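Next up: the structures, one after another.
Paired with chain B in one complex and with chain C in the other, chain A is shared by the two complexes that follow.
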Partner chain A sequence: MYGLGILKGLTVTMRNFFRKPFTVQYPEERVAQHPRFRGEEFTWYEERCTGCASCAKYCPLGIIKIVTHPGGEHVSEGQEYAIDVFDIDIGRCMFCGLCVEACPYDALFMGSGFEEGQYSRKDLVITKDRLIKADKKPSTWFRPQLESQQYNSQSESPVDWENAGREPWPYHMPVRPQSAEESLEQGEETK
Partner chain B sequence: MSLSEPITVNVGPQHPSTHGVFRLRVTFDGELIVDLEPVFGYLHRGSEKLAEERTYTQVITLTDRLDYVSSMINNQAYVLACEKLSEVQVPERGSYLRTIAAELQRIASHLVATGFLLNDLGALATPLMYCFREREKILDLFEMLCGARITVSYMRVGGVFQDAPEDFWPAFKTFLEEMPYYIDEYEQFLVGNEILLMRLKGGNTVSKEQALNASITGPVLRSTGFSWDLRKVDPYEIYDRFDFDIPVGEQGDNFDRFYIRLQEMRESLRILNQCFKQIAPGPVRANVPYLYRPPAGDAYGRVESPKGELGFYLVSDGGIAPYRCKIRSPSLLNLSAIKEMLVGWKLADMIVTLGSIDINMGEVDR
Partner chain C sequence: MNSLLESNVIFRNVYCFWAANPGNAEQCTPVGAVAVKDGLLPGGLEWLAYVMAGLSVILLIVNVYLVFAALYTYVDRRVLAKFQGRIGPNRVGPFGILQPLADGIKLMTKEDLVPAGADRWIFNLAPVVMMSSGILVLAVLPFGKDSFVVDLNIGILYVFAITGVNTLAMFMAGLASANRYAMFGGMRAVAQLISYEIPVVLSVVGIVMMAGTMSLVGIVEAQKVPFIFVQPLAFFVFIAGSSAEMNRSPFDQVEAEGEIIAGYHTEYSGMKFGVFQAAEFGAVLITSALIATLFLKGWEGPFLPSHVWFLLKLFFFAFIFIWIRATLPRLRIDQIMAYAWKFLLPLSLINIFVVAAEVLLLGDQITDSSGVSMDLTTSDMWIMAGINVVVAIVAVIGLAKITGMDARESTKVANVTRVIKGT
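Showing the complex of A and B:
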């Protein structure tokens, strides 16, 4: 019988005609993004940073530039060094997050945005001033303390360094230690 | 006796059907291929050399970029080589999370392969978008696991970087329930399709001997009827605990290569279901320092990637960076029998065969 194939095909068309689309109209609508999303515009808490440059050392591309001088009026948890320059060249960054993983003081967090397009390469370098001024909307990537707070950078307001929490436990270690002293001991063993 | 003179045509390096920057110098007699020479290296980034000046952890980010549609499995192959080198014991939950990630990635990669094969066949964009609909769900799961969708950098030497978040498990369960329906849908749309059968059946065969001599692995080898899957013959991680089959083809033609991928998605789902049942709480990462120095020596870690056997050969001199890192990439070796597959066939078959071998130029050129 002629036309049967067309009818069969049209039923598929009709079935898809009434379902909801899988796509969204991007600039107006947005897909929900997981709090762990490793986004651009790093969140950096200058109060915590001691200028140890672990992040710069562990970056596979070497795009973090840190210049420090000893002492000074800069107030930080560590109070060892004053940070003069803290530049991240996100034009070359691949957002692997190894710098965040390396930070021993929980000062550097991944960001949550992804629309940091600029017209010149010079503007892609995030300087210290820009990092301080930026909205502190960190990603919960590799920061279990934020994850346990159920923080979601998309829906919630920025968090400052006191509320972002500190994870005393070196959480790449297999078993969570009972007390803070124990965690310190184990931390020394890994070194 | 042909009436026309042979003509040499340059297909690529930017031809859309070559899945990247891949060039084929083809000599045609009329429409028949009489000679063919693949030329590659346009996407060469020197990953092996770059690995020599990065620490062992930093190399993981390089492996994401080899086969960019199956980065999880690249990570796994590399960290397995590192673990062999330094004899690290991976915690149980770490292994399970890795297996879950790898099998999800296998489904995603096969979806891309299926979609682009149909794209090459002339079914422009529609089947591809169907396949990408499900791939999107897998990539969302990856975003939950590790914060990135393509360049994941999820695995570390001795496990994975962090445990899965709590909301991963309900989403994973929903995916496991939905996915068989979608695979049935592909099978219903594609395998019974007469046009597809006419184009794919019987053409561009590769025999078992040819495939073995050219050290072809993966779905291309299994399509010839030779059952060889590293998950079965050399079970790495925890694959010996799962119950799954290896689909094999019969003739080694384009259709077998395409159909094996559809069946492998089902097998991957079986593994994922068993993972979901068996996974138990526990640590996910062994106590490996960030900047670690494996003892001097060498090791070869290999996994069954969606394209075939992916291996990393690492030589260590006791320092913080590998002394030598050799990558055995399946895409490159699967291309080695392309002349045997294509000579005597027509131009349109060349495009289809390239799609059914499922090459990825990021891995071919490294």
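Showing the complex of A and C:
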């Protein structure tokens, strides 16, 4: 009223004028990123992948392409198949992370970066070579074993497959150890 | 011829550099610092030196204006960013100071499009008209002590006559673009700028009455007390009206981005768009310079050189315009028109009556060769300042109550909608 509202507004903007800018000068400085961030640069451990293609099956968009042939090269943990092609088309990826959830051997991790911008859509397909060569800086998303190590992809060095950790039960055991709930259920059945 | 040589230092220096000779020694001796005995041109060619001096002064002023307009785009963006908690352009050059240069290069290398249905001649002419109106005003602006191209005795009238051409340029651009949004912008420009021209011109009448002259130099010299104190009402009307004439927020209906893309320059690209931008930012500088001249004693001030004082005042008002722009949202077109006709126009009329009565009562009549004029002493001006502050407050509050432009209007609107909805 009578211009007093304008004056009030002017004082508000003037207070902002003397405030520190909250923008971040991106290439030089970055916003702290959560370790569970589901990034573009997938981390894939060749040594663990058996070529079971669980990730490809669970992908809702069908953008993971896997070609394998039986036996062959030395594969440290998964021995059945050698992988010829492992393509992830992040041009259509929605980063739901179902592939990472599906992986029974903890070979696939979400990445931590967001700088996979390319000039051509063709280049958005992450090939096997690129996955092997890339810095192994996994996100801790859906990987409690990595999170319990307090791993932070932003501040720490890359992790190789031996240090990336496994889910608590060893995959090569013929029978999965029972959890408390499961043993309870079994007990009820036997009764 | 002699008046220019006497009053304008730059002009005199250039003139004497070219054509100093024993014939015009008495004109060139006061220069002192530049001890030129003989000019470069032989005798008899003084007219050429005169033309060259004029051209060099014009060249200097126009270029300084353009550089300042470019610099102001940078300052505007940085300061506005600061208001909004950002940093602003800081990549090109130190602190991003070369950003205007980068923008200029970008605009020049862009394709210059002319729409198929456009009226080519008028379309191409509009930016020129827009730019020239800004540059022509510089002819009478005093930038410092003895620094102006001409001291027109109708300086302020000339300024308003020339800045009025802005409206024409905007309407030309809107009309020739063959684009409905541009047409809307042009129509709004005509409606808004002509409406606001009236209170702005009328607010200056009080100043002319007090100064007794229309010359900008005369007005600066007449300010024993800055007119911002003597006529706060005129200052308010002038700053509100001129910010509307520059199409800046809160009065940027002419190029309201959310409604009509970019208004009258929607179809312009490349350097023609750049010229529009430069003219718009230049208009802010010119308006700030005018306000500094009319209300804040222009170049006068203690200690510092006169040009520095002028620039300080200019950038002070330019900052205030950015500040207002950062604060207020855009008004509706009917609100803008109502504000001009129902509020600013009566205020400026009240100002004229009050100042006229005060000048008549307080001033001492003096009659000299130029006619009858009223002389006001410093104490007279302070008395006027005291009266006018009270008048300003009473007028603003009273007028707001009469025209319903205070807070009651919004409640009235709310009541009406309630009646329509039947609740």
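Throughout what follows, the second predicted complex is superposed on the first by the 161 of 191 C-alpha atoms of A that agree within 3 Å, B and C clash if a C-alpha of one lies under 4 Å from a C-alpha of the other, contacts with A are read in each partner's own complex, and residues count from 1 in each chain.
Keep this in mind: a contact is a pair of C-beta atoms (placed from the backbone, for glycine too) under 8 Å apart; a residue touches a chain by one contact, two chains touch by 3 or more.
Owing to the predicted nature of the structure, the values given are computational and were not obtained by experimental measurement.
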After the superposition on A, what does A:Met14 contact: first (chain B), second (chain C), both or neither? second
Which partner does A:Ala102 reach: the first (chain B), the second (chain C), both, or neither? first
Does chain B (first) or chain C (second) touch A:Pro60, or do both, or does neither? first
May I ask you to decide whether A:Ser139 touches chain B, chain C, both, or neither, giving the answer as first, second, both or neither? first
Partner chain in contact with A:Arg36 - chain B first, chain C second, else both or neither: first
Which holds for A:Tyr119: it touches chain B only (first), chain C only (second), both, or neither? neither
So in the superposed three-chain picture, is A:Glu147 touching just chain B, just chain C, both, or none of them (first/second/both/neither)? first
Which chain, chain B or chain C, ends up touching more residues of chain A in the combined arrangement? B
After the superposition on A, what does A:Phe22 contact: first (chain B), second (chain C), both or neither? both
Using the superposition on chain A as set up above, list the residues of chain A that contact both chain B and chain C. 22
What residues on chain A touch chain B, complex-wise? 22, 33-38, 58, 60, 94-98, 101-102, 110, 139, 141-142, 144, 147, 171-175, 190-191
In the complex, chain A residues that touch chain C: 1-3, 6, 9-10, 12-14, 16-17, 19, 21-23, 25
Which of the residues in chain C end up touching chain A in this complex? 79, 81-87, 90, 323-324, 326-328, 396-397, 400, 406-407
Residues of chain B defined as touching chain A within the complex: 54-55, 57-58, 60-62, 64, 91, 133, 136, 140, 143-148, 151, 153, 156, 161-162, 165, 167, 283, 285-291
